[in-house]
Each structure stands twice: as structure tokens, then as C-alpha cells.
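Letters are used for the chains, namely A, B and C, taken in the order the chains are written, and counting of residues starts over at 1 for each.
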């Protein structure tokens, strides 16, 4: 089931990549490149740092096919149907939630400690979106004001805590996805943010 | 022979890195840093994701020497001779073609499937140029309008197809380099581009 | 002792990351993310390219704890005390010096040749700062005019030379840190720079 969850997250991030590329009017091929980097980036960093090489998309080409098909489908749909403006951010929230759980689970499966597992879940969740934003010349979502990485952190921490107290991961994964997704969607809807950091000496004009 | 081809590609990308750094008037050392990152970046990503560690330039320091010498030679030549304006793009096309073939061949040699080999060839070919453009603050060539990654994709696909039908790779490599190079040079000369992606609702002013 | 030196470098880079994030008024969590990427980025690239996987912070979670505590402490201190303007650059010089030595030593310990060891020391030293500058939208220190990577190069070369002629590394590490730090601090104080690269045909206005 983790495999299917992973494919779902991959499709979602491929769609967000294609949408972001569409905003910049890249050509068909640029769209596919951004979708591939967005959807496979987080998992690649996860596999490389954990040392499970070759990385997942080298051992299982299904991922590449899925990403390319999802990106092309997004292009076709967006050509003929006006997609809602907030779609990219909402889809990104789903991808964030799913990839956070998978990153955390893979780290625990590789015998990483709880702290490393949480960091790995967060890195897997946020890396794809960061790569997408850098490639398309946007300020990375993670560095904007709303709660983003915090949602991923909470989801990962919940997953690690649940796994520590009872075995199995199916229900844990569901709860963890709901926590991350709920926090992130609430942050988008009500513009929630953590207090910002103003070093002493900052002028009031910056606030 | 693949080894020599690899060194040629490395020299070419080192030269493009040095030229790009020259446009930004970096100091001698910044030129070397950009040349190293450009020339060794693509192969590093290839080796890491395929899991052939340590990466090629750790096992064989020839690459580092070759890059540093090529970068310094570029500085000396460009100091005393006016280089043609389009040289960077044309040299980049040669590097793209050579690294695409090598990336594809290494992936096939590591028992990757055809789809993975094509993606790996493309990633090896385009990564160096992307790193160069990001470091020197240019919009990556891959995200501009002309055909770029598409040329790499076609070259890699031709190499994989030829290898599937008859053994050996020497002639295949040559044909594949010619395909990538031809497509890319044609795109530079006649400003060829694929259709761009305009999601429904895009104003006409953006076109 | 190398372990403690590594922790010191990690703390220093975490502080520079938190300070840079403070300049951009990120939220508490963004500060931690930038600090983590700055402090663990260089070593991650070093471990991955050398093939010593999983990377150091997966095997030893102390690093993550140290980075998070250092980042939060920086936020608290900077909230109540005006920190001197040049602190970020000076702290960065210390981190550069320490990480250069550690990167060089680890590469030699992994049986890399002298040239690879120098490059690895430099990459470990400069990568964290580059990641920090890219994440916070600054022009990377390494691409500005002052001597930066050159200082790291000299420190790494000194370490390799000393190790070649006599065993042990404790005194070598100290001398190498002093060389890198001295060069970099002198460059900051007197605005030292290497000659820049002006390709023939560059207009005088650019100088």
C-alpha cells in the first residue's frame, strides 16, 4: 500500500510541477522536466542520504512513466478547462502530506532514529516543492510567511510517535497525512503563520 | 574510447563555465569554481543516483586537472583574443551531445532499463549547464524557448534503440552525438522551439 | 577531537544560517530550516560524493540537535541584543576554516589523492554558505569580489602538504585553520580580491 501512496504523491507533485511550468509558459518539454524534478526530487534526496542506492526511480521505471503521463495530462486538461487559481497550493499540500509520511517511514525502515526520521520526512516532503519553485523562479513556498514546513514536521512527529507505541503503520500513515494536510490547508485558508524573526536593530519599516 | 569522449565533454563544459564566469567578471578563482561545477556536476548526479560511489572524479583525479587547465587556458585565450559571441552556446551544444551519450551508456552498463537510461542521459547532459546558469545568475538554457532538453532526449533515445538492436556502442555513440548536436545547433540557428504551454485563462498579453 | 571540531563548525554555520534568515525576517521555522541546510549541507555533499553512506547526520543525530539548539539560541540572543553587522561574515570565515580542514581530512582518510582531498575540503567548506545564500536570495559570497574560496583552497593545500610530510593531524589541522581564517579575515578587513576576468571585447564601463 505504501507503494500506491507513493505513486499518488508522485502524481500530485507532477501535476503541481506542470501547473507551475504552465504559469511561466514553458514549452511541452520544459513542463515535463519541471514535473520530473518536482515529483522525483524529494525521494532522490531521501534515498541518496539514506544510502539506498540506486535511487527508487532507477530500480522502478514506473515512476518516470507516471510522472510524464501526469504532466502531459495536466497540459491537455489545462488547455481546455480553466483550473481554479488555488489548485496548485492545495495539490501541493496533498503532496507534502503524502511525501512526509513516506519519507518518515522509509527512514524508520532504514533503522534511523526518531529525530533523523522526522528530518527525513520533512526533507522528502518539502524538497520537491523547493526545486519546483527555484526552477520556475518563484520564492520557495517554504520561505514565505504561511505555515508550511511546520505542517510537515508535525505530521512526521505524529507518525514517529505512533510507530513507537504500537506496531503497524497503515492507520498511522492515515493520521499523519490528516495532521499535515489539515495544518497546511488551515494555513492557506486563514493565512496562519508563525511569529517572524526580527533581530534587535531591525527598523519598524521592515515589519 | 568512452573515457576520451568523457574527457572531451569535460573540457568543453569547463570552457563554457569559464566563459559564463567571464561574462560576470568573476576573479580567476571564481572562474575555476564555476568551471569545475559545470564540468563535473552532471556526472556527479549520474554517479550518485546510479549508486556508483565514490563518484568518478574522486576515483580518477585526471578530471580535476583537465578542468582546471581548461578553465585557466580559456581565461588566457579570452584575455588576448576576442571570442565570437555565440561560442558559449555552440560549445554547450557539443558538451550536451557528448554527456548525453555517456550518461545513457553508463546507465545501460549499470543494468538500468531503457526509460531510466534515457532520463539519465538527459540529466547528465543538461545538469552541468543548469548549474552553470544558476551560479552565474542566468535563466537556465533549459527553461528558455529554444529546443534544448528535447535534443538530448532524442540523442539518448537513439542510443538506447541502436544498442537494443545490435551490440557494440562505438558507431551508436557517434550517431547519437550527431543527432543531439544537429538538433541543438539547428535550434540555435533557426530559433526552433516547441509549442509553449498556455493554461486556459491566460491573457493574450502573455503570449 | 576531529568530532568536536566538526560540532564547532556545525554550530558556527547554524548561527550564520539563522542570522541570514533573520535578515529576511523568516518565521522561527524558516530560521531552523535555513540553519539546518547551511550547517549540514557541506558535509552531506562530502559524504555522498565520497560514498560514505548513510551520511553523517543520519548515523549520528547529535548534529541535528546541535543545529536546532544553536539556531533557536541565535534567535533568542538576536531578539534581545543588537549583534554587530559584520558578525555573519566573520562567523562564516570560522565555519569555512573548520569545515575545510574536516573535508580534507575525511577525503584523505577515504584514500583520496591529494588533489581530490583539496577539492573536497573546498567543497565542504564553501557549500554550506552557498546553500544559505541561495535560500535567502543573496548573491553567493563565493561569487563576490573578495577572496573566499581561495582561502579555503590554501588551507586545504597546507593540510594535505603537512600530512604528506609527517603523520598525525592535530597540529596540521590547527595550522590549516589559521591559514584559511587569516586569509579570509584579511580579505574582509582590507577588501582583498584576486584580479577579475575581463574577456577581450569587454567594454570599460563594466570594470
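In this section, a residue touches a chain if its C-beta (ideal position, glycine included) is under 8 Å from a C-beta of that chain, and two chains touch if they have at least 3 such contacts.
Just so it is clear, the model here is predicted, and its values are computed rather than measured.
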(Q) If every chain is a node and each touching pair gets an edge, what shape is that graph: line, ring, star, complete or other? (A) complete
(Q) Suppose you list every residue number at the subunit A-subunit B interface; are over half of them used by both chains (same) or under half (different)? (A) different
Q.
Report the inter-centroid distance (CA atoms only) between subunit A and subunit B in whole Å.
A. 28
Q | Interface hub residues of subunit C, defined as touching at least two other chains | A | 48, 53, 134
Q: Spell out the residues on subunit A that touch subunit B in their complex, using ranges where they run on.
A: 18-19, 21-31, 33, 36, 44, 48, 53-55, 57-58, 61, 64-65, 75, 78-83, 134-137
Q.
Going by the contact rule set out above, which residues of subunit B touch subunit A in the complex?
A. 48-51, 53, 107, 110, 112-113, 115-116, 119-120, 126, 134, 139-140, 142-143, 145, 147, 149-150, 153, 193-202, 206-207
